[in-house]
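Below are two complexes that have subunit A in common, paired first with subunit B and then with subunit C.
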Partner chain A sequence: MSLWVDKYRPKNLGSLSYHGTITQNLQALARSGDFPHLLIYGPSGAGKKTRIYATLNEIFGSQVEKLKIDVKTFVTSSNRKLEFNVLSSAYHLEITPSDMGNNDRVVIQDLLKDIASIEQVDFNNQSSSKTKHRFKVVIINEADSLSRDAQAALRRTMEKYSSNIRLILVCNSISNIIPPIKSRTLLIRIPSPSTEEISSILSHVARKESVKFSSTNEAEINKFLGTLADNSNRNLRKALLSFETVAMQNETIALNNSSLSIINLDWEVLIRNLSVTIRQNRNVATLAKVRVTMYELLSHCIPARTILKTLLFNLLELFTQQTLIEELVDLGSVFDERLSLGQKSIFHLEGFVAKAMVAIDNALS
Partner chain B sequence: MASILMQKSQQADQYEKERLEHTPWVEKYRPKNLDDVAAQDHAVKVLKKTIESANLPHMLFYGPPGTGKTSTILALSKQLYGPNLYKSRVLELNASDERGISIVRQKIKNFARLTVSNPTKDDLENYPCPPYKIIILDEADSMTNDAQSALRRTIENYSSVTRFCLICNYITRIIDPLASRCSKFRFKSLNNDNALNRLKYIAEEEHINLNRNEPVLEEVLKISGGDLRKAITFLQSATKLNNSLKGAQDLEDEDVQMLGEEGETNADGTITISSVREIAGVISDSVINEIAEVIKAKDHKRIITEINEIILQGWSAQQVLDQLHDKFILDDQINSLAKNGIAKTLFTVDKRLNNGTDEHVQLLDLCLQVAKIL
Partner chain C sequence: MASENLLGMELDSLSFAQSSLFGLSNQQTNVEISPISSKEMDHNSSVAIDDDGSTANSSTTDVDFSAGTTRSTTEEIDISPCSKRMKEVRLFSGNTIKLKPKPRKVLDVSEASLSTTESIMDMSDLFSRAKLRSSLKANKERLNEEANDEPKKIIKTSDVWTEKYRPNSFIQLCSAGNDRQYRSILHWLRKWSPIVFGEEQAQEEFRDSWNRTHKKILLVHGPSGIGKTSAIHILAKQMGYSVEELNAANSMDTLPQAGNVEFGRGSNVSVALKLKIMNALTSNSITSNGKPSCLIIDEIDSAINANDIIKVLNELVQADRSTRASKESSESERKHKKKTKEFILNRPIICIANDIYNTSTNRIGGSPMDKLRPLCDIIAFKKPIIIPANSSKKASGNSMRSIKDYLMWINERENLELDYQDIGEIVEVCDGDIRASLNYMQFNGGKKSFSRGYSSNKDSFNKVLIDKQMSWFALVDLLFKRDGSLSKDDNFNILFDSFMNGSCKSVVGSSSSFDKVMKGCFQKYLDVVHFQDDSLKKPSEFSDWLGFYDTFNSGTGGDLSQYSGLVGLKAWSLFSEINSTRNSNSESFVKKGLDYESFELGRQNEATTKRIIDKIPISSKLALGVNPDNFTMQFLPLFSKMLSPELSSRAKARMKDFEKDSIEKVANLVKEFGIRLENQRNLETGQVLLQYYPNWDDLVHFDDPHVPVPISTLAKHYQIKRQQLFPLIAAELERLDMTRKSSKRSHVTLAEEEKKIEQLEEKKKRARMSTSVDFFKDKYDGFHNQLNKVPKQDTELKMSRIWVKYHEGFSNAVRKNITWEDIWIT
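Take a look at the complex of A and B:
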């Protein structure tokens, strides 16, 4: 039994439910059998991957769904051996070079040049398009965390081997992609779906799975699904997952019970409580308590930057004074920079909390 | 037998043709000789003189990207040697090749000290074929300082048989001893007329269907900011997308028997300003105006929701930054003092973004700070 997220993932371009014009463009590209290098960006849970696979499916046929995992080994310049996972089908490969940290340049240089220098032979073309596919597709995940070196190595490869290889870069934001790469790719932006779009998908799933609600009133159900979508920050994947959780926990979903539509993760609750504590008691004793919580969060592998961001936005909700909001955001951005430059994240998190306490103190008194 | 050979050659032709379709236009329309190089009159004039006298200094080309540095040196070396001799006389290295100190010591040195190969009689008649080789180091500013200092002596030692050409964007990244060994050529960014002529030429050659009512090519140039390579790539992406859209349209049209009316959709195969902007990732004016208005209204809660929306739409913070910059700095209603403050805020946020910080927090900070200044 698979998760609803996977079960109801659209398999081809025709069954995609929102962003009509993007689908139209992709369909046109797929029909011509050829496409330029693509750079697909958008927030998480917007459906980037789903669209890529749907496009590949359209071009190559269902063969692309037969995936296998290979382990490749590389030797770095300092003679260290590295292992690297490659997800591949007959027509494409999927890699996440940022797994390799600083050695991602080696992967880009070796692996891509390897693939790119072999021409793809297309014997049994199952799809309807007439053109032969001389190229192999390489999907590069998390392209925004590629190092500058790796990106620089990519630029010449993209031009030189453009007849044998097509790259699809996937990332959340194009700010960290160097301009030469941007100017060599076709940019496709995939925005988050709107609340209505998410709730219509959720209600479709609910009907298919015959989820029971406490009332059959359409409007009430829609309202419930709407809040669910809002709380997931318009992340479709998160919305579907939390909907499934709710449906699993309750046999019939009580629509008037508003707490059901908000699935809170433990760490989010912790951070929310933290922000309330900071507002109430601004003293050194609280700071010591905060440290314990921070360490606990960090030891559960919550990224420091996520903690900072969540804490900041929780704090912003608690206050209304304009100057205070300005100051808090400014502090947040300063410590965000320090986090990404520094090593020991607990210092900066505590620093932020201490500064925020002072700022709140000044504003309230 | 002959027919088989014919078939073979036909296949080869077909193959070449398909390959040519896949080559980027930037490569396809690279200038073949010095006369084709757009807008760099000064450099071209000096280099032409050197062809006549067949003597070449070591050279250092610098200037912003897409101004024709690589194209110029490639065209020059083609004119000097002709296609046959080119392979044995020119070594081209760029950032995708390993270029550490070991390569400088081995590969470059070995090539530099080779004696020059003898040109054939044919080549001698058609080309100057001067008695030295050329080593082109593209993107030289990404070479490490160690590798650059290893080059110093090599350049001098083998200057009788080898000329170096360094190409870079920032001359400050080249160490002084290297820079002083070369004669420098500055490539200024292209002015609009020249670049526009080139784009028009390409558009004609490729039979691009441009929307006649809008200055599309001018817009392409404006977006790319003087970078001709960028402009050409945008043009190609736009054409590819629109052609496939058009193909799709045609298929559907056949089914409905062509009603004989112009389609009002964007998908009728012409390239419009809006389609170019979408490809370049440029945010539409209405969105930017909305942000600017929200900032001017100084309602912090509204700013927070607006920025949240922008992030969810997937726009890049860097792009928002660029366009807000244009918007505010060119706004006549803001006094110079406020502009100063805004520019400083923009600078700080830009720096932070470059350090790999969170876009959402930074963008929010930017907007709140600007609102405070206004």
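Take a look at the complex of A and C:
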């Protein structure tokens, strides 16, 4: 028995439930048997990986899902040994550059060269397999966190070994990807599913798992699932996880009392409270309190940029003045830039709060 | 051994004799140092004593020194401690020595009471007694020294104070806020007593069959220079161990045996290392006086071959575990395991590290410390929290005071004439590092040469123009201070000069110390602003400058970092004020050391997340992704909720179906995700906590000021829940195991039968084969058949491919580049 996110993950293109046109394109791609390098991007929990594996499944058959973990070792230029894990099947392998740290360039070069020098030999029916995918697929997760060096190394490799390697780059946003790579790949954007799509998936799961609701009224159930989907920011993975958690905690899910049956994550609650505090008291003492909370969030590995973003959106909900909202968004983007350029997140988070307080003060007075 | 004993006795008698010389005893004795006899017994710096008035003794023992060897055995001079009579020893040279039994009884009592940490004792009383005793001893020693030409006990190794004042007994140890950690270490070592010393001890939980601690290795970590190594050495000695030390320097990487062929297979280095560690664990070296050894591996995180060391440690623990398992299991199984060398770990191992969450270093596939941590009980030493010297004294914690007291004591010994505040400053400069403080004190000399980084009087601004060493802390203070007698512009110019050429340059010039300055400013500015105008204008302006600072320093265009000093000047122009002392007495907004704490916790949580990600089953990896942020933000909080379902009763029979299902599901998840259920004893409070391992509690629970339930009660709530839940999960897991095993067994029997049939067929085949030609033909046919047969059996395998690995490049054979197309024409 596994988690629902795992259990109800579509295994092939036919069973994908939303984004019909993308699915059709992928089907066409899979039917041709060959495909160019792909760059698949979109928000997290939209189903990027699911679609990739479904496509690979269509091309290579179900063997793709038979995964194993290899440990590869590399020697860097300074003669140090690097070890990192590669998830692989007979047809593809999957790497995550954040495992490699600063040496991602070396790893990517070596790894791809290594794979490129393995050619497939097929003894039976030579003629038919001649055109049919004599390549291995390399999936690179979080491609946007690849360093510039690594991306530059990639661009030559993509052309040189194109006969027997296909790359699939996966990332959340393509703003960090250098243009030469964009031009060498087929860009596919997978948008988040809509609330309705998520709630229909959830109701499908609810039927299969025979989850009990306090009433059998379809409309009420749908409304509940809709709030659940909304609450998870249209992130399907999160929606499924939180639905499963709700279902495990309550025997029958109370539809009318959503405060009990909808799970708010602690860190989100913390940030929401923070925004309320900022609205109520704007002084140095509050700023000091905010600092303590910020430290708490950072020490729990919540990324600083996520904190900033969540805080900003929470603040925007609290105010109605158009000019103020514009100013806050402006501030948010400035500090987002500082966060991504710098290293001391706490400076910038506090700076944002201080500036936002001043802006609110000005707007209200 | 006998001669050693004898000499020890002699020294005691000597001290007695000398003390008696100074009138402590009314007996008339005449002490004389005879050069001949001392030459004879040159093993030690021992001295023979000629005693004239030796008629009062009833029993005498003769000790003959013939040709430098001792004939005497231990029994001959073994004197029961209670007998008050003197013994006389006649040396070969004709001299006689009086032997007096060592006054050991008093000592024994207090030591015993010291070592029983569990019983309730008045610690201060004990300490005062111990101090009294040591001072008596010291007095005696001094008397000895004065009486004697050559100093015996005090070995002058070096004049470096860090060595000179390295504490060598428990009461000399500077607590530095780590008392609790010391106690935990003692407690841990105490648990080894049953197996090492054969002591009787009440059976406690978390012991294995040999009454040892659950985890065999202790890992102590903390920042440098706060006395980890010293403390552990002392504590180990206190508990009666002799210390065997391995560290990054001593022969860890240049083992003489490393190149030896004898060690054969496997990596030579690790084999040699293992030998060394085993030697350290098992041997009782001559110097150790028959005490059991305790292995201390120092600086394990920075050792070059940390990987090897940890591998060896892991092997030891594994070997120990398997031996124990075989001992506990039935006889037949033991026979089976006889091949592997039996090994019982019966000496404590302590590892010391600075940084146990060391992920930034070279190894990507899990740093060695990741592998070590699960094997160990972990104790963290903490750095004392620095509090500015000019703030109220009472705010500074006990830890700080103990360090200062300790340095004060040395100060008095060395006549440095530093006052308490100077010492406080030194500690601040060195950031709580005791060793660094000592070095600083020694080499920056006494009061006359000791230059304060700043002084609190008015003319401080004139002083800062000289380019000299200055602490980052002093600079932070300077940035928040303004001289009332000067105009703001003049004041600024002075500060600017000092930044460019003056004393501040030493701080501003190095980016790491200036980083500390900026952190200090960041720490302080809110308090200052609160007392100035309490408006948010300045903080928001300062945030821009902090933004510049961060970009300058972390940007790729390295040259910009020279401008970062400007941010300090900006801080001064924003926040400096004339009477800066007024707000130092009030309570500060921001807890000190918050930055460091949150940083440490963050690293710990990162490591936990990584471990969890490594453990999740492969199939779930596809569904959950491998992005650690997703895990901390979405998966773990929800997963933790999933694993703690609400239960109505303790007994499974009385539960509702739904609850049974959920327990089953939880057990399945626990199994699938490779999570262990653990009983963890909190070393500090002694409470037993139920935890999942990897433990994500710290990661998931927030300390939220807005929530009415504080984090501690929340944790308690979880504990109560788990007490109910864990036995149920454990039972469920057992059941799952059983069902799996039984299904496996049926599987196995089937497979075995098939094997038998195959074997029979093979025998028949073999019988048929007569010539070698037939054999090959048969093989070939068989292979061919297989090739043809396989596709028919399984359609999936039809698609199977053959992958060929090749190297393209220049070939000397044909003197040209060979590519894949040349090898394989398609």
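Just so we're on the same page, the second predicted complex is superposed on the first by the 350 of 365 C-alpha atoms of A that agree within 3 Å, B and C clash if a C-alpha of one lies under 4 Å from a C-alpha of the other, contacts with A are read in each partner's own complex, and residues count from 1 in each chain.
The working rule: contacts are C-beta pairs under 8 Å (C-beta built on N, C-alpha and C of every residue); 3 or more make two chains touch, one makes a residue touch a chain.
Only a predicted model underlies this, so the values are computations on that prediction, with no experimental measurement involved.
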item	value
First, second, both or neither for A:Leu67, with subunit B first and subunit C second	second
Touching partner for A:Asp336 - first (subunit B), second (subunit C), both, neither	first
Which partner, subunit B or subunit C, touches more subunit A residues	C
Touching partner for A:Met248 - first (subunit B), second (subunit C), both, neither	second
Partner chain(s) touched by A:Ala219 [first = subunit B, second = subunit C, both, neither]	neither
First (subunit B), second (subunit C), both or neither touched by A:Val5	second
Which superposed partner A:Asn283 touches (first subunit B, second subunit C, both, neither)	second
Touching partner for A:Gln322 - first (subunit B), second (subunit C), both, neither	first
First, second, both or neither for A:Asn176, with subunit B first and subunit C second	first
First, second, both or neither for A:Gln24, with subunit B first and subunit C second	first
On subunit A, the residue positions that both subunit B and subunit C contact, one per complex	341
Residues on subunit A engaged by subunit B in the complex (per definition of touch)	24-25, 27-29, 31-32, 34-36, 41-43, 46, 109, 134, 152-157, 159-160, 162-163, 173-176, 179-180, 182-187, 189-192, 233-234, 305, 308-309, 312, 316, 322, 325-326, 329-330, 332-333, 336-337, 339-341
Subunit B - residues contacting subunit A, complex	18-19, 22-24, 26-27, 65, 94-98, 139, 142, 224, 227, 229-230, 233-234, 236-237, 240-241, 243-245, 247-248, 251, 267, 278-281, 298, 300, 304, 311-319, 349, 352-353, 355-362, 364-365, 368-369, 371-372
Complex interface listing, subunit C residues touching subunit A	360, 362-366, 522, 526, 529-530, 534-537, 539-540, 542-544, 546-547, 549-551, 553-555, 589-591, 594-595, 597-599, 601-602, 605-606, 609, 614, 617-630, 632-635, 637-639, 641-642, 645-646, 656, 658, 662, 664-665, 668-669, 672, 698-707, 791, 796, 798-808, 820, 824, 826
Subunit C partner contacts - residues on subunit A that touch it in the complex	1-3, 5-6, 9, 44, 49-50, 53, 61-63, 65, 67-69, 71, 73, 80-85, 87, 90, 96, 98-101, 103, 117-124, 126, 130, 141-142, 235, 237-238, 241-242, 244-245, 248-249, 251, 263, 265-267, 269-270, 273, 277, 282-285, 287-289, 291-293, 295-303, 306, 335, 338, 341-344, 346-348, 350-352, 354-355, 357-358, 361
